[in-house]
Every structure is written in C-alpha cells, then in structure tokens.
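There are two complexes below, and they share subunit A, which is joined by subunit B in the first and by subunit C in the second.
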Partner chain A sequence: MAATGRDAVIREASRGRLPHWLGLLNGPQTLGRGPGFWIGFVLSVLAAAAYPLFSDGWTVGNTAYFFTWIFMALGLCLIWGYAGALSFGQAAFFGLSGYAYGVITLNFGAAHGLTLAALLLSVGLSSAVAALLGYFLFYGRISGVFLGIVTLSVTLVFSTFMAQTAGPEWTIGTARLNGYNGMTGMPPLTVPWFGGDIPLYADVPLYYVLLVSVVLCYLGLRILVNSRFGNVLVAIRENPQRAEMLGYDIRRYQLIAFVVGSSLAGLSGVFYTTWGQYITPSSMGLTAAAMPIVWVAVGGRTDLTATLIGTLFVLAVFQNLTIYGSQYALVFMGALLIAIVLFLPQGLVPGLVQAVGRLSRGKGRKETT
Partner chain B sequence: MNPILLTKDLQKNFGGVQVARNVNFAMRSGEIHCLIGPNGAGKSTFFKLILGEHQPSAGSIFFSGEEITNYPSFQRIQKGISVKFQVPGIFKELTVWQNLQIAVQQHLEGSEIDREIEQVLNFIDLRSQAYERAGALSHGQQQWLEIGMAISVKPRLLLLDEPTAGMSPEETFKTGEMVHRLNQEGMSILAVEHDMTFVRQIAHQVTVLHFGEIFAQGSIDQIEANDAVAEIYLGTSDVK
Partner chain C sequence: MEFLHVAFSAFYQFGDAFAFLVLSAAGLAIIFGMMGVINLAHGEFIMCGAYVTVSVVRLGVPLPLAIACGSLAAGLLGVLLERTIIHRLYHRPLDSIVATWGISLIITQGTLILLGSTMPGTSTPLGSFSVGGFSYSLYRLVLMAVAVLVLVGLYIGFPHTKLGVHARATIQGPQMAQALGIDVGRVYSLTFGLGAALAGLAGGLYAPTMTMVPTMGATFLVESFVTVVVGGADVFLGTAPAAVILSMIKAFMTAWGGQLAGQIGLLIAVILVIRVLPRGLSGWLLKERS
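Now for the complex of A and B:
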C-alpha cells in the first residue's frame, strides 16, 4: 500500500500522544488513517451493537453466521495479501479446528467452561499443524503457485479422508465422525456463570461475542501489520530477495504469518461449529477452499479493512443468490472473481477509494481554476 | 592487516560448466576494490557466492576472519555484508521512506529510526522524494535509493553490482562521490563495474576475472598498462 506525505503528518501527530503499540493502529500498511475513518469505525461498531435491538433473532443469528467467517478471511489477508503467499489451506484448518471442537466437547461435555478450553485447544491444534506444514513449505523454499497447489492438496486430502469416516469404527471416544453426514450434536460455547452456565446459541449472545471478537481481531491485526513485523511481511511480498538481503530470515516471517492466519481459520471453524452445532467434510471441499480466496480478492487482499468489508458484502450477496438464484450463485461468484482480477486487481474497496480520491482531486482542481 | 574478505580455492560448477575456478581472493579492510572482466567472466557468480545465493562446489569464504561458507544469506548480512544489485532491488510499491524504514528497523528502534532515515535521505539526495512511490523515481534515483537501503543496515563490506548501470555521466560521478564518502567513513567496498571511468574514479585495487579465474590484480594504473588485460577485453587474444 503506497503511502503519501500525509503519513509523515500522521506519524508526527500520533507520536507522544499514544502508547507505541496503540499508535500502530494507524500506519502505512492499512487504509483509513484519519479522524474521519475512526469516527466512521466507532459509528459502525455502535450501529452493529444496536442492531439486535431492532432486528429479530433469526436475522441476528444469520449475521452472526457471517461474522464466523471473518476470522478466516482476515487470516488469509495476512498470509496472502501481506506476506504474498497464496494459501488454499484455510478450509483445512477451519475443518480441523471444527472437528477438534466437536470431538473434545462430545467427549467431555460443556460444564465448567470446558467449551472455552475446547475452543483454545482446537485453535491450538490448527496452530501446531500449520507450524509443521508451514515449516516444510517455507523452509523447503516452496513458493508461488506451488504453495497454492500443496495447500489445496492438503485441504482436499483432509476433506476426502473425513468423507470416508461414515462407518461406526470411525469414532474418537464417544464422538462419531460420521462421514459425509458430518458430526452433529456438539454443545454451543458455554460461559460459566454464578447462577449457572450460559450457553451461547446462534442468537443475540453469540452475536455479541462474535462482534467483540471480530473487532478485537481486526484491531489486533492492524497493530500487527503496521509493526516492524508487518513491514517485513510487506517487504517479502514486494521483493523477497531484497528483504533477505536486508538481513531478514524471510522464511521465519512467512511461517509466523502462516501460523497466525491458519489459526484464525481454525477460530472460524470453531465459531462455525458452535453456531450451527455441526460440521461436515464439505466445509473443507474444493468450493470451501476457493471461497475465502474470492472474498479476499474481491474486497482487496492487501488491506484488512477492504477484506473485512468485502467478505461481509460477498457473503451477503452469495447467501441471497443461493436463496433466490439457487445454482447460479457459484457461477456468479466465479464471474465476480474473474471481473475483479481483470478490471480491479487491487480489489473492490481500494478501487472505490482510489476512484473517490481521483474524483475529489478533480473537483478540487476545477474549483481552483 | 587481516583481509575483510577472503576466498580460498573457491569453485562453482553448473553441471559440466565451471564458472568459478579456484578463486583465491583477498580484500583488505577499508579498501575500494573493483572487479572487472568481460561478459561471462564469473563476476556475478562470484558475488552470489559471497552472498550465499549460490553454494560453492568447493572452497571456502571468510568474512573478517570468520568462515561464512555455509551461512544463509540473511546471516551474512547480519554479520556485516550488504549488497546493491545490478537491477534496482527496491520495493517499488512502497514509498522511499518505507523502503528505508524496512532497512533501518533491522538495527534501530523508535525515534532513532526516523533520525537515521533523515540522514540517509540527505546522503542519497532524495529528501524531497521521501513520500513518493519508489517505482516512480528515475532509474538513477532508484539506484541511489538501493544504495541507501544497503548502507542502512550498517555494513562493514558493501557489494555494488554495476552501481552506475543506466546512469548519466553526471549521475555516475555523483555515485562515485557517494562511494568515496562511504569509504571515508570506514566502509570497505567491492564493486563489479564495466565503466572504466568510474573504476578510475573510485578504485584502490582492481581484480580482473576471466573464465572464472583471477587473471590480473593491481592498481588501476597497473591494470590499464597490462597488455594481456587489454587483449581479453578487445578479444584479440586466446589467453586462458
């Protein structure tokens, strides 16, 4: 993301006023750096917080469903958009953590905050597998299209394996994997409380948990990509040879980005599983592996805000098309991806921001003449 | 004085082709050393061997007395070697400031980063372009930006691969002045260069490579007076 002379002004303005880590919310690697952006951000969060007051439970639950995917999209934005490594593995980690959550909670139940521990363990499992896979990928110097091929293969192998677990012998403890039919009956996230546990069904309480998680994840990633670490990721994306010749162990940086991004896909998997209380192998299939690429590419892969907005937009459009256009939904998604790649390669949101910038500059010039 | 860079019997083969043959090269600390030779002499391969982009087929490389033959590239940079590539290796989509920030943050933190960037910007004369996209700079300015990035990691040995390629005579002279100033600050410099005017401007010592071997070494005057060197450049001799 190219910065302008405005960056210097913002840097000067934020220096001394904010703690260093908080100052990193604004930086050259993220769109939206002025007061206008942050006022808009706060108003959007307030509107999202007030939304359940004016809507029915089903619609709120459906919006919570959209939120469950955001983490996976932001994770891919970090791996692909910032670190330049195209991964089709997000669906694999989504499924891995989803199934892990199911296995743990079906075996041990939901009492005493165990679902929260299951969430952490499930995401941790994705982190560990991502670290192992990423080590061989990045330290084996696999890059470019080959990285995409290997990660897609891993996803499809995992999906195919889970699909053939229909037989009664495929159980882990008391949890049946259940093949294509998927694993069902796991408890929702349950918060231990003084008057008794509070289960977070796909309704208003889960909506608020997801909203807070999305906001924290988004802000945390903004800090990360504007930090020293984020600068190096962008350098690797732009010119890996030069980044290495500045003394950076680029494989270590790529591996860390891959683990963080894949763990976020795992978090999506857990939230999705608790939302619907089921998970199936189709959530790791070819279509599922491709969808995050579409969300991130359409929104704008090199920016977190663009990815966030783009993902919500595409999910809403896709769901409506699925309801009203049935089989045409996937065709439309494919066409949208092709159109974006051809005409707005930087993505819809950065494209619109640039167009508005050009218009306002043109208007400014006219007024001065 | 101990050599800052030393290679012993360095060899590199690509299949049956030997592109570096028993290169025994020594460079003193504080020296500006130019590496010249006809196309295909093995100059770029020699650089890549020093940087760790190629692993030698045989032989060893020492930097400040420490063997670095098996170190990965990034570790060699951390030890104190830096490079400016022939084709500008900059981050074209980022601003000049960001390019330098990524280099400077390797060894500095906080407000020291900004101070150092300001100094480097002044040195490479790109202060007024600090917030321009690096890809929008002229070719010569891109070369200077890369020199700025290379020196921002505070190297003791700077490798310059054809630093004046594509530059006007004025830009070439200005680059020579920069090299002299860096050397006066204590930096050792090894440059691959074709432009003999530039070599004359900067070199303390010159090494001629030919068919992957050291063909001649000496001061620029000694090299220019060497008929065999003139012949390999003009192609009138089958010297091997």
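Now for the complex of A and C:
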C-alpha cells in the first residue's frame, strides 16, 4: 500500500519534472495532497505574510510568540506521532537551548551575527544531549511507557536544578543563571546586514523570520516523513517487531527521530528566549512539559498538518482563557486532554476531516441513488 | 562508640530514604505492575491523602485515624476515576499516560482554586531522641516501620486473600477469570483503588513533615517513578530491592551534595539500570530464576 502510493508520487513528480525529493512533499504519511490542498496552503501562507499589513505591532508580536512554539510541537509530532515514542523531554530541551543561547550571547555579545552562531550552537547542544540520552533509552530498548517516565524525570530534575541557581555562585562566564527569577537581558537575534546589523525584536521582522522558519520546518518534515526514513518510522510505530524482522534497526531510526524532534524543541527554546529576552525554570516545569503533549494530542498526533493547526488553535484558546479566566485555563486544558483521548483519540483535525469526508461521501451516495 | 554513632546515622539516613521510596512507589507499582497503567496522577492521589489527613486532624481526630481517612479518600477517588476514565484505556498505554496527566492538571489546579495556594499543616508528632549528640525524629522511625509493614502486608495479602487471588487471576487471563465467574471490572476497580489508597497512605504519613501545597504530589513523582522503573513490573521482587539500592544511592548522594544531588544520583542510576536491565530488577530476577 505504502509502496504503491510512493511509486505513484514518484511517477507524478517525474511527469511534472520535479526533483524526486520535492515529490516527497506529498505522500502516504501526510494528510492533504492534490492541488486543492496546496492552493489552500499557498493562500494561507500569503495571508500570513500579508497579515502584519492589517494589524498592529503588538498583535503581530503575539502571533510570532505562537509561532515560537510550533517547532517544538512538530518535533513531538515526529517523535510521538510518527515514531510512536512518547517523550516528555521537549520542555527540557526547550529550556536547555534557551539557557544556552542566553549564556552564549551574554558572554560573547551580539555583534557580527554572533546571535545566529549562538542559535546554531544552542540547538546543537540540545541535539548532542538528546543523542546521549536517546542512546541510553533506545539502545536500552526502553518501551513506550518507560520512555515517558524517564524523559519526564529528566525534565523535572533539570527544572529543579535551574530553580536552585539563584545564588551569585551560579554564573557561567558573565551570565547569571538567577534561579526562579529567570535569566534576562540576552540580546535578540540579529541579522548581519550591510551598514549595520538588524536586530529582530518581538515585532514585524521577527514575525517574518519565524513565519519563514515555520514554513521551511513544516515542508522539511513533510519530506522527511514521506521519505523511506519516514515510512520505516511509521512501520515501527505500527509494529516494532515486524519492522525489526524486516531487517530495520529500529533503535537507530527511533534515536534519529528523537534527536531531530528534540533539536526542534531546542529551536523553539531559542526563539522563545529571543522573543522575550527572558527564560525561567518554569518553562521546564510539570505544566510546561504537559503543554506540547496537549497541543499535539488535541490537533492530531499522527499528522504534521493536524499538529500545526491544532497547536495554533490550542495556543489561541489557551491565551484567551488565561486572559478571561486565568485560574480555570489549566482545568480546561486538562478536561480537553481527557475528552480528546476518550472521544477523539486521533485528534481534532483528523476527526473533522473524517467527519467531512463521511458527510460528502454520504451526499454523493444520495445523489447517485 | 563513635563508630556506632556514625553507623546509626548512616542507617537512619538509609532507612528514611527507603521508607520514602517504598511508600511513595507502592501504590504506583501496583497500578503499573499489575494493570500496566502509568498513572501520572499518582502525585495527586498522594496530595489528596495528605490534604484529607490534615483536615481531619484539625477537626481533633488522632493522627493514625486521620491517616486512615486520607488513605480511604484517595482510594475512593481512585475507584471513581477508574470507573469513569481509566477503564476505557487499558489497551492504550500511551493514551492512559496522557489522560492521567489531564486528571493531574485538573486536580492540582482545582485544589489551588478551591483551597488556595497553601494550607496550614500539622506538626510532626512523637518528638525526637538523640544518639551521640545528634537528634533524630522518632516519627521517621515509625515511617520506616510502616514501610516494612506495607511490604509485608502486600506480600502476604496478594497470595492469601480473596481479592489478591482474584486480582492476580484477572491480570494473568482476564477472559479465563471472567469465565470462572470473577467480576473482572470490579477487580480492576478495586486494584486501582488499592493503589490509590496506598498513595493516599503515603500522603497521609508524610503530611506532618511537609508543606501543604497543591503541587506537593510532584515532589513524590520523580522518586516513585524511578523506583518503579528500576524495579520493573513485579511489586515484591522489584519495588523492594529497587528501594533498597536506590535509597543507598540517595542517602549517599544527599549526604555528599544535598537534596538535589540525591535526585540527580537517582536519575543517573535509573538511566544506567535500564540500559543494562531493560525490564528492571524483577525482570532480571525472574529470568535468572526460571
């Protein structure tokens, strides 16, 4: 089934003289293909690009804030939805990279595009730690539920550690870790440009950078999950024993997915830190660790598009809830999570797509009879 | 004489850590080991036990009775949640993690809304005694004794009581057990309730020694999960030896570098153990035995 789907895609791609890897944008592992979907996609991106023209700086900055979380959600979608390994570690890598960015930029400054180097280094640090942790987890053959426990413990211990760094002895170079008060004052991302760097404050320029990054990340992951690698990941999710019997080293595939997903969480951490020039240990606490799970589960974990839409939806709802009934927001999130698990285990977006599909099919049948 | 003092101090530290690990992990080990459900609301059952215990003590009821009330309340909460939510998710372990997390968010935040960010506690009873110039809390010794009693009780109870036998039969073969006339759904509920009640017991026992905040369950979470992971699926062959080993590590690391070093030591231990023994101590012991 998967093979024929892919062949069809390759044929389609070669007919249109597209390079092979571009053909992988469509495939069996992603919802949404065909001209209708892609026209909708281009229109949404254009609308998102035009959006700052019709809005004020604060709202645009707020939307950029939503965008900072998407990488983390897409990363978890890859680890959990595609590779079938539930990780609670997204928040830990988010915090790790966020703090790393702060430490590097506070020590070395922001001149000459150093912030971009800091971004790469911080994300790289998350990748390295994820590779080390993932090696112990996947090569130790930790099954699904144990993986959740260990990653959760790592996250909580890391957050406890950062919370107790309030004293002046906890400094790295000139950067104070500052315990629960959080780390502040790191420079925003800057783009080196002729005649002076352009700093990206939480405003229109940062919005565009994030928009482009989100689109690239989304398309890149689509290509990844529809490639041979992604097909194997899905095979592992569906039946690890069978995938192994077919000769795939499932440990390696899951480890790679874990590292990619965790690095994306790191990217979120860096963007979040530059957005507000601020990071605290509470961004790695129990609640923060739950949030990516909520977004991905609510949207629909087995599909990137569903995760993307679901994340934006939940973030918007959550922010409005926090504004109008701050205490009850978390209760509502918990209830939403339980309701989704019990009644729509695939998630909101795939559930809706199926309902619409059933409706239109039903209509079609009525017309023919 | 000096040596004896040091030895007693080391024993006390170890016993304290051991009691904490056994009591906080026993309920989780039953729910996970027997039913395969990872219960992330475990900390909230503990919190529920602690809150009920303290409230009842403040009404003037003696502490042991209050702890029993706390344990019972947590057990009832467990049965209620099992009937309404958990029993639909037995074949979907990852989804049960997510759902119990949702429960945990609701209970923590709900407690915060209803009862405020903190609640006055009770003082630690029984006073203290001193050995070699250091003073030790007598209550901690009681906790150690209770931890051992819980283990012994479970060890005797599961093979020798009707519920224990039914529970083990249900876990081994639900269809067969049902065919033999056991009400499987009821057994699942009671087993889950027993796990929750043990969590509530841990909460009640530690309530006099802790600050009462809605997030207090989280302080138990890492330790209890680490113990269960290292122990593996079997409550007796797993949890008890895992608690012995981990409490030595924790006592040593805490003596060396404080509370946090103890936690980090546990974490490193668990990652190393599962790398070598993926099915935990009990998986390894059972394989050796057969």
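Quick note on the criterion: the second predicted complex is superposed on the first by the 353 of 369 C-alpha atoms of A that agree within 3 Å, B and C clash if a C-alpha of one lies under 4 Å from a C-alpha of the other, contacts with A are read in each partner's own complex, and residues count from 1 in each chain.
Assume a residue touches a chain if its C-beta (ideal position, glycine included) is under 8 Å from a C-beta of that chain, and two chains touch if they have at least 3 such contacts.
Computed from a predicted structure; not experimentally measured.
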item: Contacts of A:35 with subunit B and subunit C, given as first, second, both or neither; value: neither
item: Contacts of A:290 with subunit B and subunit C, given as first, second, both or neither; value: second
item: Touched partner set for A:156, first subunit B, second subunit C, both or neither; value: second
item: Greater subunit A contact set [subunit C / subunit B]; value: C
item: Which of subunit B and subunit C A:235 touches, first, second, both or neither; value: first
item: Partner chain(s) touched by A:247 [first = subunit B, second = subunit C, both, neither]; value: first
item: Touching partner for A:168 - first (subunit B), second (subunit C), both, neither; value: neither
item: For the subunit B and subunit A complex, residues of the former touching the latter; value: 51, 72-74, 77-78, 82-83, 85, 89-95, 97-98, 101-103, 105-106, 110-111, 114, 130-131, 133, 149, 152-153
item: Interface residues, subunit A side, partner subunit C - complex; value: 80, 86, 133, 136-137, 139-146, 148-150, 152-154, 156-157, 160-161, 164, 286-287, 290, 293, 297, 327-328, 330-331, 333-338, 341-342, 345
item: Footprint of subunit A on subunit C - complex, ascending; value: 32, 36, 38, 40, 85, 88-89, 92-95, 97-99, 101-106, 108-110, 112-113, 215, 218, 221-222, 225-226, 228-229, 260, 263-264, 267, 270-272, 274-276, 278
item: In the complex, subunit A residues that touch subunit B; value: 1-5, 7-8, 11, 15, 20, 28, 228, 231-232, 234-235, 238-239, 241-250
